[in-house]
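As written, the chain order gives the labels A, B, C and D, with residue 1 at the start of each chain.
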Amino acid sequence: MAFTSEEMMTIAAARALKNDDVVFVGIGAPSAACNLARMTHAPGLTLIYESGTIGTAPTVLPLSIGDGELTDTALTTVSVPEMFRYWLQGGRISVGFLGAAQIDRFGNINTTVIGDYHRPDVRLPGGGGAPEIATSCHQTFVMMKQSRRGLVEKVDFVTSFGHGDGGDARQNAGIATKGPTLLITDLAIWKPDSKSKEFIVSAIHPGVGAEQIQESCGWPVRYAENVATTEPPSQEELLVLRDLNARTKAARERPLAMKMARRASTAG
Amino acid sequence: MAFTSEEMMTIAAARALKNDDVVFVGIGAPSAACNLARMTHAPGLTLIYESGTIGTAPTVLPLSIGDGELTDTALTTVSVPEMFRYWLQGGRISVGFLGAAQIDRFGNINTTVIGDYHRPDVRLPGGGGAPEIATSCHQTFVMMKQSRRGLVEKVDFVTSFGHGDGGDARQNAGIATKGPTLLITDLAIWKPDSKSKEFIVSAIHPGVGAEQIQESCGWPVRYAENVATTEPPSQEELLVLRDLNARTKAARERPLAMKMARRASTAG
Amino acid sequence: MARFQDLKDAIGENIEDGFTVAFEGFTNLIPYAAAHEIIRQGVTDLHLIRMTPDLIYDQLIGMGRVRKMTFSYAGNPGVGLLRRMRDAVENGWPRPLELEEHSHSAMAQAYEAGAAGLPCAIFRGYKGADLPKVNPGIKFITCPFSGETLAAVPSLTPNLTIIHAQKANRKGDVLVEGILGVQKEAALAAKCVVVTVEEIVDSFSGVHPNACILPAWTIQSISVVPGGAHPSYAHGYYDRDNAAYLEWERISSDRAVFLSWMEENVLNADPNCFDLRVERMRRSAA
Amino acid sequence: MARFQDLKDAIGENIEDGFTVAFEGFTNLIPYAAAHEIIRQGVTDLHLIRMTPDLIYDQLIGMGRVRKMTFSYAGNPGVGLLRRMRDAVENGWPRPLELEEHSHSAMAQAYEAGAAGLPCAIFRGYKGADLPKVNPGIKFITCPFSGETLAAVPSLTPNLTIIHAQKANRKGDVLVEGILGVQKEAALAAKCVVVTVEEIVDSFSGVHPNACILPAWTIQSISVVPGGAHPSYAHGYYDRDNAAYLEWERISSDRAVFLSWMEENVLNADPNCFDLRVERMRRSAA
């Protein structure tokens, strides 16, 4: 089956999740990847959204981090202070997903400003949960489409610490967790070099060429000794993902139909 | 109607509570006083027990701080960390009740040890919530029967700070709340002198003589300029208190009868 | 002790120009009706606090009512940026906006510390991040036992916290269900609390013993405003109007379109329009 | 990930001599059955943590299994003192007992800090009190913003926390209702968590969305022990056996009476006796 680069990215990210992982999910691409994993090879995967919902299993993808569907399908919903204190800071999350407006080769991420902080060219949304997701989860996975504006030599602002300037930077900063262990883009899978911690390409998605990877990356790309080709999406993966996206689209076009019915049954 | 000195003590304490007070209730005499107030002149009184129950209205007095009756009648029940953080430390309690094994003239209280801390003659239960009740509630009321062993020149251990060595001791210790404003005994009502903060007798219960007060007090008793006689218990106060005590006694003799019936109705 | 008032009086009597105000509600239960009433009443120079400013603050900022904002994520969740807030920060339109920026973890714990009556929160945060370089309100302390360096932020203690909740009972106790966000903490941290609710019920008997309930004596004012969280949602009553969030991208992209939308939908709107908006969604979904 | 085991294995596989163990449950849901199993298995040299030691620790101390106790109120609530604990402290019988003493506020917040992954808790406490003079584990820090002196205590992080709860579902998630005490915090602060429950249900569907639930992946072992909190109570199942608490005063006053009671009711008791004890209460109440 034919597939898009975005589908490949989502499926590659889903595959990186294990059945017993506890994942701090972000909105957008990570949410699709985590729910895809849950609907395919990792039915035991625990999804946690920062809105306080623990163990959610939505049938459609939430638009925001706190849609009603998340509470309705959650094992339990806790307050946001509890979420950040007991669950994230408490060290109970095995994988945190992060997105980025800018990322550098060491996995440092900017989602705060383009330009100077006090006189920004573009004011981005800011860190949200990311600064502590980056340091409290056992490891983090980053998902983003490649572009020269996104994969940069140096980020304008370190919203979330990755491997700093590489090597032992995390330990030196007093951080005990692994940090970014995976960068999944629309073109390739990147992993940090075991010593320098620089992201190097470990697998290239089917049909992607090396020049395409370099053209959309602001630093000189390095490759692992044995670069693999990413296994193409299976039919099951594609069908489940497309079903999920179709259900999500339909639900957003008529966001209230099913919910109002639910209300009628409980509040009637 | 005739009454006992213990009834007088409970009724005098109940009268000191206002309808809009939020009270941190202790077990035993304070619990009787607070519930009596709620059942008579202060129906709006909010009772909080340190077990996390907010706005309880038990029909019988709980034996412990966390009997099921408290949850069953509470507006809501929160965790114990929340109780101590948001509700006590958050400064939301207007009156805290304290009991004492020993108290001195400045309202410093000992419920920890008699004798040396490390080699005690008697090991008492310890502070429980008292050290912070004493400093976080807007004011505290102390209830205890008078005796030479209880009202002492100097407490063996300051479990809960009152007015220290008197005067501005609380401000000097960085405490913003009023501390002990009332000592209610089986013989009299004591209030701190406005300057020295020493407890002085402000009202004597009916039928009690000055020598009785001094005999059961380890420091030289001082009196307010105009010492009143405590208003004797009204018939309503006595009847409501005796009813409450009778219901409590009956419930303790057959603690399970009514509860099992309740269970059958919810878990059947 | 909570008083039941209409929304106009609840806002009019409890807010002043220059106040520090937290409107909380995490996706669920965002108090839009109260914010619109504040805009209609002309209140200005506000210092707004909110973890996720959302459309509610984009509207207040775009109308020039905000002097300063304390926040941790300023986006239209799942859609994009907050364009009125960006315009204020990047171009000073309609007035410059001072920012005090934190992470979610910091803000959640700073509200928690506020509710707990403490002057600051300590937490394991901001390690390696640049925010402490630009926010002097972030400091560090050393744990006296482990020697670990921990971040510290001042607790959040708004003059006024406004929340929307599902129910009040006749005594004025307030029940919050579903995603709880930081509402309880923001309310208990504030000097004054105004609540809008979907409905008043006789009592909370039968509600779970550990449900999130704010006693009447922690609240100043309660107004019944059905639909008052639209276009966010009220768990158990109506769903999030995701279409309105998507549409905001278009409305907020242009100053003139924004102003005319606000004129029609806020300044000239009936305070009771929220119930009708939810009813309209209900009918179109039927 | 939680495994369902019988109580003997759950205890045998998760505890060792010398462990730091918290048995929590605040009046409601005190895990007596688990404590009795530990006594039967001969585990010793324990460092016990508990806000309100209650009869459960009086029994462990009286049997000589306890080296040290961290606590904040050691009484038989509403009845009097803990006589076995007093005998250990005052007379070293059957062995000396090291005490680490705190206030409730300190312990509750130290558990909370443990659950939150922090090395210490800071709070407004111990002002003017003597406890900091005799407990070197109490220190003070200065708030970097207000300059206020705040108390600091190390977080509590037991090797093992044992709690009793109402229900587990088939996946091993655990539901706690009523007085919640510090169970959630004590569980999340511990390296290992063992839970006894009244019953297993198919699912928690229909339970309130904000109920206190510990996910299966925070728990090591679950045992079904109906009545396992007797003589404390299980909200919704059976009431506190106040008569047993009153009777303990007599039993614990005398070493020989205590030992023979323990022999009969713990050492030689069937692990499943708790259900029968509650049944007996039920019949006598009918």
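By our rule, contacts are C-beta pairs under 8 Å (C-beta built on N, C-alpha and C of every residue); 3 or more make two chains touch, one makes a residue touch a chain.
Please read all numbers here as calculations on a predicted model, not as lab measurements.
Set side by side, the interfaces A-C and B-C show unequal numbers of C-beta pairs in contact, with more at A-C.
Mean C-alpha position of chain A lies 55 Å from that of chain B.
In terms of their C-alpha centroids, the spacing between chain B and chain C amounts to 40 Å.
Centre-to-centre, using mean CA coordinates, chain A is 27 Å away from chain C.
Residue positions 71, 77-78, 85, 89, 136 of chain B each touch two or more of the other chains.
Shared interface positions of chain D, i.e. residues touching 2 or more other chains, are given as 112, 116-118, 123-124, 148, 178, 180, 184-185, 209-212, 235. All chain pairs that touch, listed by label, are A-C, A-D, B-C, B-D, C-D.
Every residue of chain B that touches chain C in the complex is listed here, in rising order: 20, 22, 46, 54-55, 71-72, 74-78, 85-86, 89-92, 136.
Put simply, chain B touches chain D in their complex at residues 27-28, 50-53, 62-68, 70-71, 77-81, 83-85, 88-89, 112, 117-118, 120-132, 134-136, 157-161, 164, 169-170, 173-175, 252-257, 259-260, 263, 266-267.
If you check the complex, the residues on chain C that touch chain D are 116-120, 122-124, 139-141, 143-146, 148, 150, 152, 154, 177-178, 180, 208-212, 235. For chain D in complex with chain A, the residues that touch the partner chain are 1, 112, 115-118, 173, 184-185, 188, 204, 209-213, 215, 217-218. Residues of chain D that touch chain B in their complex: 26-28, 51-52, 71-75, 77-79, 81-82, 85-86, 89-90, 101, 103-105, 108-109, 111-112, 123-131, 134, 148-149, 178-182, 184-185, 212, 233, 235-243, 245-246, 281-282, 284-286.
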